[in-house]
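Okay, got some structures for you below.
You will see subunit A twice below: alongside subunit B first, and alongside subunit C after that.
Up next is the complex of A and B:
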């Protein structure tokens, strides 16, 4: 009885949210793994056949999976480093309090709060055959109808939309760099670059790690922009993993296969995060 | 402040960068005032000539845009209120009590921070179908609430833990039960953190695309991101119209952002919020 009374209050606080979370998030996690082992039938009454790891074998042998994975990889490679470099660069320029700081902060952060659908359509328009980009560069490129030029447009959007986020995080981290250390290294005769390398970077290293890991995860999860800018066109050449997965599931109704691709991508995300964590930890020790 | 060459150079660099960031927006605004025959004109028009309000007029009077806007307000509003309240309860439970499986349950929540939403979309679709939650606004709300619990609980738990226990004890001596202490003490004191959670949840639900795309099939249940995405024509998109609608859709978000900037910075620095 005493036990019941003691745990009643926390149970009542936790229960409503936890129940919702278990049913609508945790159960689907397990269900995704389960579905990936079946030739899953959507139609009511039809029997789903257990196939073991067949869906996984099929995914690993599917050239389109590798193509979409390489597109996701390209996206990651060409959006993560620029977002870190430019975000950190802007943060360094903005870090000293000045009347202009809030103004610039807002301008750089505006794309972050704008909906992905809207900015995807906006970039589709800017990269149109007779659009602003072609005119500005004096080109006649049909950006969105070829794999590599389409990836340029998609990556440009990713960088443009993401700079503000990493800038904001770096800005906060830079406020925490001890001023005394900077003064001390000035007295020791260190130039700006030397101070940046020996004082600033070590001080914000955990933030660099955090931003990198989050951006890599975000990069592998790119979906809305590709879906709305090219929809995988031409002929699936610009598909990333999630648009390919989405099409397998909701166009071809191959739910088991789609689930297998989703599980594989999740494993990849976890593995990459673990590797990065280890890398960043070792680098601090050195 | 004296303007040294270094400062001038820094401000110029920042200004050029800001111009690059802001030009797409300005061009979008400009296009929303153009008639269709001018939207892809070469050379492009930065100042619409002739400028027209026709796109806004059509968006606001023809079609169902007002209805979609209302859907978005209802769905994002309801989801945000419920998600933040349930997260506050969860966070308070985790912060203020010791009970069996506490760490274990919290870790389960953290797992939800790492699993990307898109990974769950197939089983969630099956689940929603089975529960009759497909193609309905309440169906959107249920999944939006569940999807935003982990991050908010994580954010709020730290805040509740930092509240001094003495106040809690004093209220308890005065005979206030656990629920009263939560409502009358923790929630009012937690206002800054709750504001942050509210803003981020509202933005996330207002902009959500993938789940709405998957679960909504009837046009009248569409939210703004879906309605706007569908304005692309198979050939020849009405860009002026698309951007007039887009601007109306992003104005509430930008207003929220400009008003609550301070909370944004706090929320981001307390970690783990990816916009």
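Up next is the complex of A and C:
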């Protein structure tokens, strides 16, 4: 009885959230894994043919999957480091109290709370042939007509929209750096760079780990901006994994294949996160 | 002002009468049909108004006991909503479906084959344009009837004709090429289009004498990559390389759109549909579009059929009532009323009335007589994706047109084989 009573209260507190998590996250995820093994018929009551790992074999042999994966990877590589560096930089600038500080915090955070669809369209117009970017730089580049220039535009949006988020997290972490340590290092004669490297960074290291892992996951899951800015054009050259997957499932109604691609991406993200966790943990130990 | 007793009595009896009227549908065994469509797309309410205020009341008056509930869904989310509703078994009775979706949903088994179910199907079918009707065909059965139609014609402007020193729009491929030569060195490009899917390039392939598959839909190889198809696409690629077609065609979403580029003088000609008249009237009131047939090649002047079909879902519990509404959708009243709101009739017998309502419809009506529909297969959206994926490198100059079309034809062969 005591045992029951001991666990009842926490269980009741966890139950609502856990229930929602199981119903809306875990169940659909398992369902997607199941679908990926079938030539899935979307209609209620229709019979789906079991295909085993056929959808996975098809995905691994599909050059378009690899192309879209490389685009997701490029996006991740070119948006995660700038977001961390710039987010941390802005957080350092805004750390100290000043009258203008709340204003700048809001300014940098504003893109984060703006709708992805809205800013995607905004960037599409900025990078249009007769858009503000070309006009301002005096260029005549068709940004969105070529794989690499389009990726520049898409990454620019990702960085611009993401800085505010990492800034906010870093700002919170910077408040927690013990003032005593900073003063002690000052007394020891450490300059600003030395203090940053030997006091601040180790103190906020868990936050750096958290931000990096979250940004890598987010980077590989890029979808809305690509879908709205290029839609994969020209000829699928700017497709990322999720836009390609979305097209297979919702345009071609090939839900089995779409699910297989989604599962593969999940496994990749999971593996990358595990590797990063291990890396950051080892670094802390050192 | 106060109510006299008699007035109050009258008022009471009115309230009682209204209550009975409201209660009546519940008492009588009324049938309510749900009808989904995207008539209101683009914030245009005239078509919805015609349906809700004129046509549905007329149908309900003529068919006591049947009520129609029209639900407007934005075009962009309609396909997804239909898909998820099919998955959940929650489809409406009737759908105004984009004609490309009919085979896709027929394959899923959620549509009723009208050619089997409707005793008088042939009478209605025979009255419509063959190109529109064929969009309802899937594996030997018709799953719907055409509801409204459209096609693409060549649209140009007086400014473009003046600039090229021409007295009339280009009638042939050669005249289009000549127009391009005249425009060389100006800031106007001869032709623009917004993609490389079937809707975009099939008019050129068909007019050039080529085809996408054999008539029985068994093979694309030898047709899509035949010499006439290659020559037609090659003409576009040559114009593209000469800077006479903007990279909008390979999907540059940052390029000036056709609907802005024509009235603004960036583009000399585009292919577009009858809906543009209303859009230009709002956005470019000073612009007068000039409509002409698609330039003719070896195969004549052949365009692509667009529009919507009306389909009955197998989820409908009141199929007889729904068939009555489908019959009504083919009536003169329905068709002509919709013409007034910008939807072209699918019945050639009403074409004269249509031209009387708006003369510019004449060119579209004429073009529709020979217009063809895209492949009526369940995976037709994949065909569009294959065409644009394979043709993009050909326009960029990375592969030859022949190689691109051969590669596309091979993939379409596989789709066709999977249909059987």
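Definition applied: the second predicted complex is superposed on the first by the 258 of 286 C-alpha atoms of A that agree within 3 Å, B and C clash if a C-alpha of one lies under 4 Å from a C-alpha of the other, contacts with A are read in each partner's own complex, and residues count from 1 in each chain.
To be clear about the criterion, a residue touches a chain if its C-beta (ideal position, glycine included) is under 8 Å from a C-beta of that chain, and two chains touch if they have at least 3 such contacts.
What you see is a predicted model; the values in this text were computed from it and never measured.
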Next on the checklist: Touch test for A:233: subunit B only (first), subunit C only (second), both, or neither?
Outcome noted: second
Item to check | Which superposed partner A:10 touches (first subunit B, second subunit C, both, neither) | outcome: first
Checklist entry - Between subunit B (first) and subunit C (second), which does A:280 come into contact with in this model arrangement: first, second, both, or neither? => result neither
Item to check | Contact breadth on subunit A, by residue count: subunit C or subunit B | outcome: B
Checklist entry - Looking at the overlay, does A:205 come into contact with subunit B only (first), subunit C only (second), both, or neither? => result neither
Checklist entry - For A:128, is the partner it touches subunit B (first), subunit C (second), both, or none of the two (neither)? => result both
Next on the checklist: Taking the superposition on A as described, I'd like to know which of subunit B and subunit C A:250 touches: first, second, both or neither.
Outcome noted: both
Next on the checklist: Output the subunit A positions appearing in both contact lists, the one against subunit B and the one against subunit C.
Outcome noted: 42, 124, 128-131, 250
Checklist entry - What part of subunit A is in contact with subunit C in the complex they form? => result 41-46, 64, 124, 127-131, 142-145, 229-231, 233-237, 247, 250-253
Next on the checklist: Can you tell me which positions in subunit A touch subunit B when the two form their complex?
Outcome noted: 7, 9-14, 16-18, 20-21, 23-29, 31-32, 35, 42, 86, 90, 93-94, 98, 100, 102, 104-119, 121-126, 128-132, 135, 160, 163-165, 168-169, 172, 210, 214, 217-218, 221, 223-224, 227-228, 242, 245-246, 249-250, 255, 258-259, 262-263, 265-266, 269-270, 273
Checklist outcome for this item: Touching subunit A in the complex, subunit C uses residues 79-80, 83, 86-89, 104, 108-110, 196, 247, 250-256, 379, 381-382, 385, 388-393, 396
Item to check | Footprint of subunit A on subunit B - complex, ascending | outcome: 1, 10-11, 13-14, 17-18, 21-22, 24-25, 27-28, 31, 39-44, 86-87, 89-90, 92-94, 96-97, 99-100, 102, 105, 108-109, 111-112, 114-116, 118-127, 142-143, 145-147, 149-150, 153, 178-179, 182, 203, 206-207, 209-210, 213-214, 224-225, 228-229, 232, 237, 239, 242-243, 246, 249-250, 253-254, 257-258, 261, 264-265, 268-269, 271, 274-275
